[in-house]
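Both of the next two complexes hold subunit A, though its partner changes from subunit B to subunit C.
After this line comes the complex of A and B, so read on.
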């Protein structure tokens, strides 16, 4: 019976075992997740929110659910950003390995599984309460499966002077695995935290499907800088849905640099719930060689007097496909909302593709909202200018690509962090040369 | 004093009831309600169509049965019962068609007068040939002889199917295939009339061609099919305008318009659409689900769509250009106004296939009352469309805090040397501008109309003269009652 179900609905958990020995609210959450996933199935291009990214190909890969038991492999530097001055916590296939030492008492970094087992009451007000997954089939699937992830709870008024660095490593296991980590970040009033996340892949651990959900809640006047590097494996499918609920006068500032993965979808939703709340979503991506990178953003101005700003820049080289979907919603009566959005993409090769869908959905009249989108090649005059000064074409183009991305990458606060992200861009550029220009 | 009286008259004219809300009492000859193969055979027989046309209709109908109504558009309406509508209605006097206006049913002529298009006057003064579609049969075509002497064919499509079957067979469904989408397929099966235009090589059509559509018969869906072909080096400007009488049953209007422009040809297609939008609560009103598409087949060809959409309860319409020929260009200018409970999901598609193809999209949306409006547009650049260029600008204006304005552009680029730009803004009428007008003694409603006309100017000025004046008035009238 369950085998038939799996045929129809790949990746779904066994319904009979769902929520067994768990508190009622958690079991309900799982069942609700499964019913949404069952109703919608794997999204195809017929689903508007997935118009440019189809997951129907996933049915061809015989994924099995990751059951843990995979250890961090020896050797090799997994920390792509090489941050020295940070509290680092490592995740293997979505499961935390230990917790950082010397954290202040006011900050709690823990494993989701431990909290689920020992003190579910701590999780109950947050888990599944922040992200609204009713319209997200993959997020709902995560709810049905979730057992592990990272929980970060920060007390009121705590200002951390060093970033928390989450290094999420995909390690090889027997066969292709699918995993559904669920992470949490809850900041108390006026807390101020920098969270850095790097998603990397150990050699040989390519064929994985990671379907993560992150729930973030910012109390009044809190501030979270959320910096991410996505450098997943060549065959990895990396789906991430992050939903941030931003309280009054609080600010959620995200920066996402996506450079790796076969199929990556970074879906970020910011819900501005209190007056004066702000969301700043920035990012850059480099796509080539059969990769598909989807950036989907939703900013929801739910109350009056909120601001948001989206700025994404991307470079697409041979055989790459990039998707950008950005949406600004201004709810009825959310007057004096200020929302901006700009997406610029460079298309470097004839077989590259960029699909953009910048969307405005506005129900209030006293608002300032606008969006812009451009897609084009590098400016020939600029390339010529550099070549006329003796810089070889490949180098000139690489320089211009770096300059193009500098608006966003260069705006990363804090010197060492900025340098780390820039280093990742340069490594990607070097790889891109080998992949396309010398061929 | 005169000015005050004028204002009073105008408000009385528009605030009470829909200006064109009347039903002309003409006996009509109609097929029974419902949709099946027999009805399609009946329509085809009525029109004395060639065999291939009936076969095409039936193919479309059979395909339609396998399709489901689309639901991705951002509009809400109760389900349509396709079996509860008439698919054919013709004025009684079908047998002895009038040869001149004097022979036209006087009731009809009075209807046109109420609509503000006295045919006779237009024929003499404006130099416009009018192919008036009253319900489903064209009853008066003027200037036809004159145009025919020059080689321009401008006639009802049913007549064209009999007289020029090879032309119709060659181009019908070549831009919008019978299987295109739910409503276009339905249209292919049951279309009853529409216009056919063929402009021969090298001819600049000396006058604006115009059709006045009008829904009259209760419960009669209108399924016009328009086909315009501009042969090499020719030019034609076509005008389409609509008004409809008031009634409570929702009416479906699913037209298809196909344009074909060959080498160096240019087609300008202008629409002023003012179907009955329903009352203040949204009751009644027309459903306008239209498929309009133009193919720039030849080199240096050009298609320009201009639309002013003020009516209909629900509008679903994307006039598109397929830019196949090298150096061809497509333009889309749109003003859409929604008030009260109206809903509109409208925009365009520009498909760049040929080299150095250009497209330009200017869309102005005005939403008032409790209306919801969406701009939805696609710009697609194929890998071989080197040097393609697109510029899109869509601005929305919100009047009042109960309405919605949405922008959903899709940009799909697969060619590095193409440049695609998109800009969109959403705002409301600036208080400074309004204050400035009020201070100078301009009443608030007039001031709003003035400012909105300014907002739309870029689009309105692309309309032919006689349409531009009408459209400007329409902008003001459509927004009555939305302020203060």
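After this line comes the complex of A and C, so read on.
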């Protein structure tokens, strides 16, 4: 029967083998995941949370489950952010390769597979307990499949003076692979960490489907700066669901820069669970040439006295499509919540498209919440002013695009980190112009 | 050879309800070293003339020619014109949030150098040039760290226009109503800056409604523009005459 189901429902695992030789709680997690995925199937635009992004096209690609065994190729990580001063760990097709040396004892960076095998009890309080995947078909599929990923556990009070840099590389394998990495970041009380992620693609490794889930838990007064570059391959489908549970007085500060991938969905959910918790979700994207980039944000003000803000800016060029869905939930008791949302998009070509869907669900009465959205083209007068000073049009437009993104990229700490992200924006712009000139 | 040679220039402005004729046959020749003033009442076509020379989109030349240094200016894009040595000081300098003034200046200088096959300006040389020029024009240095024209007063904007002009060393300067919105002190500073740029190989076209600016930037030739045509040409005394009598004589004639 399971074989038939697999035929009907692509990407699903074999039910018979599910959870075999695993602790009961883990097997339950997998079965629950499979049953949600079975009930909902691949999301299509009929599902509100996927209103503008359909995955039904994935059935046309004969993906096979990645079983590892692929090594990092020479230069496969060339598009990663250039960060010299960082603890770097590389993942190939969602599987960690080694762990950084010289980490302090108070920080543990390990492979999910190792913990699942040797000490599942360490994972039990976190795995599947942070992210609520009951309404997330792809996240649920991840739960059914997950075997690998990165685990980062940081003790109370640890303040890291260098970032941890996760370089996640997609490498070519036989045929198109699908993979379901599951990552964890758990910060103890008052821990303070900068986590940088580069999601990149080795040359020639395009047709992959990555369906990742990241679970993040921040203890009281902890602070996580989560900075991400998404530069997936031209044919890559890159789905990521990140759920952060933010404790009292803790802060989750995310910045996501998406510049590559055929179909990308970055879904970030922040649940503010303690008084004084804060979430700042910022990001920028550059989309063109048949790409589809979906940013879906959900901030859940679950208790009183929490703050959040969402600021995203994007640039869409010829034949690109961007989606921005931003939701703010304020629970009944969550008085004095302060939530804001702003999304601004630049459309650089007539066939560029952006779909914006802000949603406020407010059940408390003493709250401060607002949202705004703008869509526009570059200012003609600004372009002319720069050209009147001798700056060629393409360069003038690139300068104005960078200026448009300036305040949101400013969310990245000044210094080498911001320079690395700005460098990625500039490379994207240079590549985009090269493409335009060729055409 | 003339630096700028305008012959029988007719131009229209593109509007939603069709093209509207603004320039109706302009003849004007500027030789190197000369400063010409174009004066005229509102609506005469002064800004259109400067915009057509600079290559601003939204205008169509329907007849005539503009030759700059022997080349057909109308065949060049706005940025090519600028790199060839043309500079328009804007009546309303444009604000560009997110682009620091210093970055903008450096990009402009390097665009010109690149086109000339020269290497980019050394960071230190650029800083020196910017410092000395801003000091001379009374532009506080911290202003150059701020985004282009954002939050600048009217006087500051005009000063920064002249600063750009000084740093880019153009061969032909077109000043479009540079005096508008300036108080007398700012006017003097701006005029001093412009006068410092007067040179035997450089021409200037100063466009203004009022004679006041011409007390400080004394022109060699004054033209009166009315209803899209140059209706009178004379020396600097013509400006004083206009100040006394106004434009009534010309607007009447044009009607």
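In this text, the second predicted complex is superposed on the first by the 428 of 439 C-alpha atoms of A that agree within 3 Å, B and C clash if a C-alpha of one lies under 4 Å from a C-alpha of the other, contacts with A are read in each partner's own complex, and residues count from 1 in each chain.
As a convention for this text, a contact is a pair of C-beta atoms (placed from the backbone, for glycine too) under 8 Å apart; a residue touches a chain by one contact, two chains touch by 3 or more.
Small disclaimer: the values here were computed from a predicted structure and weren't measured.
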Requested in this report: May I ask you to decide whether A:332 touches subunit B, subunit C, both, or neither, giving the answer as first, second, both or neither?
Outcome: first
Query raised in the report: Counting only touches as set out at the top, which of subunit B and subunit C does A:364 meet: first, second, both, neither?
Result: first
Query raised in the report: Among the partners subunit B and subunit C, which is in contact with a greater number of residues of subunit A?
Result: B
Query raised in the report: Counting only touches as set out at the top, which of subunit B and subunit C does A:48 meet: first, second, both, neither?
Result: first
Query raised in the report: Touch check for A:388: first (subunit B), second (subunit C), both, or neither?
Result: second
Query raised in the report: What is the contact status of A:374 with respect to subunit B (first) and subunit C (second): first, second, both, or neither?
Result: first
Requested in this report: For A:349, decide between first (touching subunit B), second (touching subunit C), both and neither.
Outcome: first
Query raised in the report: Tell me, which parts of subunit A touch subunit B in their complex?
Result: 48, 51, 332-333, 335, 345, 347-377
Query raised in the report: So in the complex, which bits of subunit B are touching subunit A?
Result: 72, 383, 396, 398-428
Query - subunit A to subunit C touching residues, read off their complex - result: 379-382, 384-393, 395-396, 399-400, 402-407
Query raised in the report: Hey, which residues of subunit C end up touching subunit A in the complex?
Result: 54-57, 77-79, 82-83, 87-88, 90, 93-94, 96-99, 104, 107-108, 111-112, 115, 147-148, 164, 168
